[in-house]
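Note that the chains take the letters A, B, C and D in the order they are written out, and that residue 1 is the start of every chain.
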């Protein structure tokens, strides 16, 4: 039981992860899909950052003459800086695609898009036969 | 100058990386396209040189900014990634020749250089993933290549390309994030990101649940990128609606690099014992590979579009590669790597044929390809060569792969498996033959005027088709390099 | 490279060269056809020059550097291969001659493609004949399939395409699924693929598995037309008659049974085959194929289809000979390759001649035709006797040895099979002769000589004559083959 | 959609205009501070680029896209993206030409490697800053520009 409480950060991460993944997979709205993806990515950022935390540690800025300070591990933070950039880039790209999908289909609902595609398919192939 | 050659590992990545923004400055499409081809061939030359340097078993290490590991990022080249570098850069060089005019429909007039920038960035990412010796760097480069490849896919003619790119984006990002989680857990266990250090510490570390979970996340993440059945859903749409050149480039490089990652992580980092004896990943991977071989091929038979057919066939071919890995033997991995090389050649050739067909017919629907054998005989001959290679007819590269793979299976006394590989290549015969009959035996609807695509399309197509035959007859190169690479990674994985 | 090896390479390259020449000379038909004949004669000549050395025990070999680590393209001429090479290259000349007459008499299109593929097929057949290891054999086996595909679909009609699909489908799928697999299996357990006198498998594999491997080989070589993979053969009947002759007498089917025989002798080894008793299944399948195909042939009215089923039945003689695994049966099988080739090619030549002259394809239409085409029907009669196995024709010898082999092996039922099949072959061949000579012509058709063109008549009379002549020269063939099947030379 | 009326309303709001006009220069200045202080304390090109772009985007939100595009034309942004990357990579290549490894700033000044490192970091951060700011603006332009046509 204590262990569960002590690892509460992982539970937060896991819950966020599941929420994000579920939204990304189950929602038909493309914007919501992007949001789900974002939540999913954010959960990973949390995972890394909480991983780098050393209890009682402070920001790893060296101060001359002091070697008794406990620092947190800075590496995960640095990594997550990059991951944030990647996240921003993929979100921007995803949204850009959604904008263009909306322009050419007139909708951002996945099932409607699939229906439109199917109708187009049928028109094309039956037109060929006729 | 001689001295400068120590910088080749970094130049391999930096040249395309800097060339991408340089395209922004050059702007003129005619100039940019020539420039891109030059960059492609420069990369190819570098990768060949690197392969020559490491082929005898030496490992090249290049420390970025002179920071030694574990502080800095290092590039680390052994035979395995040198082989992949050659595959990726050679495919890029050849495919770039056919560059001009690919995305006319999707890109506003005068901004064609954007296409080249994205292509070069994809190349950078793929090369970077392959060359780096730092696991987090793998993730970064993987995302560079993925993001730019989503852009490339979205440039397809029809609006469906957008949806295909979007689905790929979601799937790809989830996959990459899985990989990132796995890497995070590995970092947590080992405290390093450098592959060499990580390997050492993982070998010594206790086999805790964290490591198993890390392995699971990493394998699933890579499998999405690799399109391992049943995580392949994004692939057919992505390949069939993207511009044909993009399909040619991605089909012959992106999945290959993902396969490399799978080998690197499973054998190089986690190690043979953990992956195949403790977790027994092959229990899952092997049936999935076999399923992929059959499902992919059977689905390919029923397609009504040439590129879509090729895309499904790719899923089956990925099955051969993962089958090689899941045999967990040196011969199996070598067979998988041989197939990486060979499949790049033949699929590249076939997708370039699709580019030629698109140029002529405006699309690749099979019913529009009737009688093309008489209308564009040179192109269609290349298609026959590529198709026969897919089937695995002797004298083509496909035969070499299949020989290696089945031998590897039989060596492990997996007779049924070897037989199944044979059976699945018969399914390939069915869809290839369907193509041949459509192209040669059905009457075209609109005249039989003979008109071949321009040389810039025809030449790369035939370079790859010719290579599919050349390396099928003189297969020493691929077999030798792949066997050495497998031996090296296996020694490391013990 | 010694002198014999040079000849071997010449014999292998000449047909390829011939194919190129045919394409280059395509615009001038006369030149093209003369070129084919010249190359054909040269090829036959160079193969024939190998007879002397091989009879004296030489085994000219030609090994190419490895094209895949551990796998080279290797050739080695041994008696059985030489015999097949002689049959293939010799009959190529005759079939070409006949082909000119047929194609021209028929005004066929795409003759250049036709003769080019023809030459390519012969090159492949010679490659099979001289192959020194299994992988070389497999390569040329596939080349033969693909080079004959355009021949089968020559007409380009819907029916031809469908037949082509069946042809390619069965031959390629069996070869990839079974043959290649068997080759790989062999390479893994024996670690060599080289054809070695006495076999390479003995002691490497258990009896049951060996039986399975044998079946993989037998069914993998779909060209041997064992049931139930025989359907491609009758389907390929849509092709022009010279092609049927090529398929059924010269290159394709003979390549199939030759491969079976060669694998039996040089991969399994006669002793190993005889010792295990694991060839029983193959024996039974072959026996069933012999009888079922013969019985089915009785019921067919189409002349070429009837001949096709006759071929299926006759091919299994050779497979059965191999499965019986005695010296005599192997000898009979080897002889049968030659004897059946001569007989069956004559029959097909005749069928083509009838089609070109009288445009008749069914057996029931042939009434009285023998009197209008006496030479043609005469040749048919001779060849039929040879197939049935009556002396003094070549077929008698092979059947003699096969039956003796069945006795030696202690398989009386197989003797019965051979006998029954002979009776059946009388049943499906003799009515044709009888109709031709003894039935009156149908109403409205005039009597009087109406023979086939000389270019067709000449080859078919030659082969019929050969059936007769070979009876007296069988001893030479016997001496050629004796060493490899473990018999003393001369009888 | 209803983008245009909203923009009109924003433009008419006096408070926003006044606050915006007075705050934006300080935001930009702060961005430069973060940029150049990055050598010694927390900060650097990445944060600076984002802050810089945020300031400009704020300006664009208040005074309209046209206004911003007049000040910073899209072509400048495009060149900025390329330029930043090229500066970054260029430093690496130059350090390589001067005999060090890629991005080995010490090699930039043979007499005093520390000085070389300062120079290297400064240039690299400048490159990063330019690229990040340009990319942020490019994204803003791309989305904001859509609704108008």
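Methods note: a contact is a pair of C-beta atoms (placed from the backbone, for glycine too) under 8 Å apart; a residue touches a chain by one contact, two chains touch by 3 or more.
Bear in mind the structure is a predicted one, so any value in this text is a computation, not a measurement.
Relative to the centroid of every protein C-alpha atom shown, the closest chain centre, again from C-alpha atoms, is found for B.
Annotation: 68 Å between the Cα-based centres of subunit A and subunit C.
Mean C-alpha position of subunit B lies 45 Å from that of subunit C. Look at where the CA atoms of subunit A average out and do the same for subunit B: the two points lie 26 Å apart. Averaged C-alpha coordinates give centres for subunit C and subunit D that are 80 Å from one another.
Counting partner chains per residue, subunit C shows two or more touched chains at no residue at all. Multi-chain contact residues, meaning those touching two or more other chains, do not occur anywhere in subunit A. Applying the touch criterion to all chain pairs gives A-B, A-D, B-C, B-D. Residues 4, 7, 10, 14, 17-18, 20-25, 62-66 of subunit B are the ones touching subunit D in the complex. Interface residues of subunit A, counted against subunit D in their complex, comprise 61, 81, 85, 92, 95-96, 99, 103.
Of all the residues in subunit B, the ones that touch subunit C in their complex are 391-395, 400, 402-403, 406-407, 410-411, 415, 418-419, 422-423, 425-426, 429, 433, 437, 441, 473-476, 479-480, 483. Subunit D makes touch with subunit B in their complex at residues 78-79, 81-83, 85-86, 89-90, 92-93, 96, 100-106. Listed in rising order, the residues of subunit A touching subunit B in the complex are 17, 21, 24, 30, 33-34, 37, 40-41, 44, 47-48, 51, 75-76, 79, 82-83, 86, 89-90, 93-94, 97-98, 100-101, 104-105, 113, 117, 124-125, 128.
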